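Below are the structure tokens for one structure; questions will follow.
A, B, C, D, E and F label the chains in the order they appear, each numbered from 1.
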């Protein structure tokens, strides 16, 4: 019933290649079906102006696509001279999501820059970015811990993202590819922790609407996918995975600026 | 238990003043507690390039704040030379939401520009904008119908928005003001139709997370608020309200560009 | 002889609503016929770079129109990514005019930001902005004086602005509305103090010219209008009006950068 | 009494070198004391969008300074990425002034681009630009007439500009140089036609004000200077000068966009 | 004598992986030592404005680096809002070089967009980009020929690039890596055809100079490297390589705009 | 055989007028045939951020054309809001070239800003800029030395630039004017020192290529032109010329950022 023959609650093939690049503190190439994203994490030894002297760190994310990651070539945002609304929305989402599972006080006055560069797109680039960025960030942080730069392991839980949606032919489906996304009546991106709590929930009726019961059905499909994603991340991280959540984290209610 | 003495599922005082300005086809001043937004709807007799010759119309929204709408003065986006990520995110949300209850084919090759200008901010400016913009747009469209420019009334349902969230002192609350929003652990904006279906659902743990049962509690509070908002819109629209949904609408699955 | 039945030397109906907004130190809604402008004054506890350490303050003005303040919708300057020449010209005029009646040394190393946002336009938006901004600024300054932040009252005189012009049907007229402005052969904006001295004089032949005797006639009409504007400002300010000019001011010849 | 020994109503030495550059249709180097401006006029065979199909032409002016035209080097506006408010104000003034003495219908659907580039600045760059640009434009137009491209000579009168002001040491003075301009209490730029009518009048109290009688005194000094400027332009133009105003011009009241 | 043990006239290990991405008409991942560049070629069925109706095509190149392609993270050019001088210089070089071996008339009114995105940098990114882009472009063009869109094979010769330079420890060297490039006294980029002719020669003394005999020595080293690069390209292209230069090309002297 | 009757290895008429402007520390008007460039050198008592505290100075160059320096009017880069790739390339070339003959340590923590403004263009504007800028810079530096601000004369050698190229009618030619440049098969800009060493070599086949022997022929023509250019510079500099190279300079291999 789905264009690529998957079951409605089946993820695409997912692979995470760690230490993909030579220079960054953490890097992965994440492959979700035909979607491929290079995610890197870079440590900067200072924080943005609004946090100076606060004794805590920050995570900032940037997202971009190669011009020909898509079916038709897109004009570069650097050539346009400005970043699109879509890009900004995605960047903010990635940064906010990652900050939910990192103890910012524990990383000290540092910024972790997360860069997600889509080299091939086939739907779900923002959720693949989050899932991959979590691994790159964890690797970078593990290096800091190893070098005794941090007192404790600041990553408090696993974090991954996927999409669910409603298409006419198949009803509620998990992990939409580009063709499915293009015709979806409802599209929802969900970011969850390894322990099954929500971090972000963004559901949109595309010139359409959805009912409360459809919402419940989508949430159930997402929960199933999340468990599988956490397992894939765990395997990619190897021994580093064991340190996640090892230090308890206090929730201080401080907010996104 | 709330700073302004409201019950946890109580909206602030809401007032919608219609025909607030002289020039626009539709305009309102919406007041939600101390939040005040001027919403206007302007008809342009052409569509954006990606829709030319498609025989359907478009709704485009812009959002801005006066520099001193807030406690501290903000630099104008025109002076900065660029629109912030937050503004873009809100503009896209408003436009997408309104398009879910308007039959774009029925309005013909026209663009309805919706402008939401916040003159005073006390939390919930994006949801107030959507609730007010729906009324301004409906008034503008009613004028087109009256002038026989449209074959049928293209607004298919009521549409309003509000926020729900979780604060430490009070748990789940409805319609957060600025102080509540600043300390919220979870913040969720919900856009619903008059018939109780979801159009948008954007929930965010602010350096925090939320469980499935907290989500259900928030959805219930939102549903209560929505009914009251529809009633306020109905009163503001007077006789025009009766035409909403009078023409059935076919869902064509075409999507936001 | 005038489109709205006024005498040639008659102002439109003018109303100044003080404390229009909740957050700014000073704010008004000024209504001049169908022209409506929100003017706010905000105190910032520092000065621009070129004045640092000079022991004096600054007044900076910004001006904008809502997109649909006019008959046809204008594209936002934030969307264009730059401020138009017309806007810059008006902003500079407002700032320069206000600085002529404020003792900048007496306000200390502070910037007073004046924001004039036109929500409805029917001609004369820049002169209405100056007339309203003077009241908002005086209110903000009075608050500083009340809080013992300033040693003396730094506003040295009243300040208001209006337009005069020449139209074919009626010759010299006072306070042009949009229709008159559109067809005027000559258009002159005049900023004067309460004691009848000139601060700014900007006369323009619109693809036309004017003689010395026409100039004298326009100056006379302006002088009449100015007296009435000062009276309206005085009433709006109430007791605060009495403090204006109470401290003598030394002219130091320092200039606009 | 003046820093350079001039009488209070004496212009600086003025020279206009015509046909200064090889490529433009009209060009001059105008020297006013130590102020030097290259003015060129270029013919473009089309009009801006707002005039298309109206059967009339347009005059558009641009103004710039070399970075080291002044005592201290200024950052280029191209490096800043935007044109300053001062530059825009001057550009608009030059264009508007020239349009007052050119019959735009007579030049047909053409744009005359006037470029004023200050290579050395010592006060009065905007008035020198107008005085020089008038000559460059007249030369360019004469070429069009000679080539039978125009039915009649479209320049209806001479046009020149100068400044007057008030300084403490000398009272009202004519044609301020940079030192005088820097300390002036009042600064007024005046644009007049050869027949003694006003085109523009822009007087500014620099953190100061001026009386009606001081205004009259300044107007008288300006009128004297204008006669001398017209004579200098006439000599520079040679035989072309005789054609100015040879065709009568109808005033149509159309306005600056 | 070289940091990585190479002989002075030895290239780094070079690998070209063809058809690296799914969407572009032509794509490669080129690896030169630790430098890795994704090169894609995209066909657009129209030409830039300056070529419309001329009956010939165009090749336009863009170049970018991932923020963390380098040792330290660079700010994205899209975030800066402008493309750096270095990027522009490289883009122009790549485009100009490729146009020297493509018969632009034979490709008809099409633009071939070449995108070179550096994912890992270790010196020589611009020369690796040219060498890889040639292969990507040839693959894209071969597809057009195969689909009978072109009358003949428009690539007239092989094209590759490398660097030569002078370092203190080793004298003239071929194919500089980042460490060598950082300390080079002279740095020269050379673009040559398969038949040994020069397309571009850009030599720079880095706060230093070079003699005529040093120049000759560098040209000799470059020539040796070029032969090896052509062989690597030939192997990567397989059968397509045989079509290069199969159609003779007339030189028409038309120039880069 | 050349359009202006010159021999193939003959420079155009060249004139350098020193102290052309009043304000800059050094300034010239250089005339190369019909190409005219104003070159100025300005001393700023600080260095760019990347050099702070390094105890050495910097030379930064900017290049621009008046809009009507060319046959057709160009839009100003300040109006476009960005500097073109061509301009950036030229600016970088001028700065890099000058830095090769100035001992940056000897000038201390200062920036010398070099501005090259083309007022009339007829080919070879970048090489004329370098040749003129060298004289302006040397004059500015001589003033610093005279005022005892510098310990020694920091200019280590003469520096000039010219072009060579290949045209169909005449083969290899020296110093191309605009017409020759437009039809050249190969265009090469060469920057050399007074002692005959290369600083920059930029050769480009314009949709064409060149052989090794053609390269040698071009280098020979350039060498001849360079000697003549040095002589012209020497004469323009008068006694200051004698100080060039009087202090020996150590090459430290530090590089262009």
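Just so we're on the same page, a residue touches a chain if its C-beta (ideal position, glycine included) is under 8 Å from a C-beta of that chain, and two chains touch if they have at least 3 such contacts.
In this text, all values refer to a predicted model and were calculated from it rather than measured experimentally.
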Legend entry - Those chains which touch chain D and also touch chain A: none
Inset, instruction - Farthest from chain E by Cα centre, which chain is it? Let me know. - result: C
Inset, instruction - Determine the centre-to-centre distance between chain C and chain D, using the mean Cα coordinates as centres, and give it in whole Å. - result: 28
Inset, instruction - Between chain A and chain E, tell me the centre distance in angstrom, where each centre is the average of that chain's C-alpha atoms. - result: 35
Inset, instruction - Report, in whole Å, the distance between the mean C-alpha point of chain B and the mean C-alpha point of chain E. - result: 51
Legend entry - Interface hub residues of chain F, defined as touching at least two other chains: 81-83
Legend entry - Neighbour-by-neighbour ring order, given that chain E leads and chain F comes next: E, F, D, C, B, A
Inset, instruction - Please name which positions on chain E make contact with chain F in the complex. - result: 82-86, 88-89, 91-92, 96, 99-100, 104, 168, 182-185, 188, 193, 196-212, 215, 219, 251-256
Legend entry - chain B to chain C touching residues, read off their complex: 21-24, 27, 34, 38, 40, 42, 44, 62, 64, 66-71, 73, 76-83, 87, 113, 115, 117, 119-120, 122
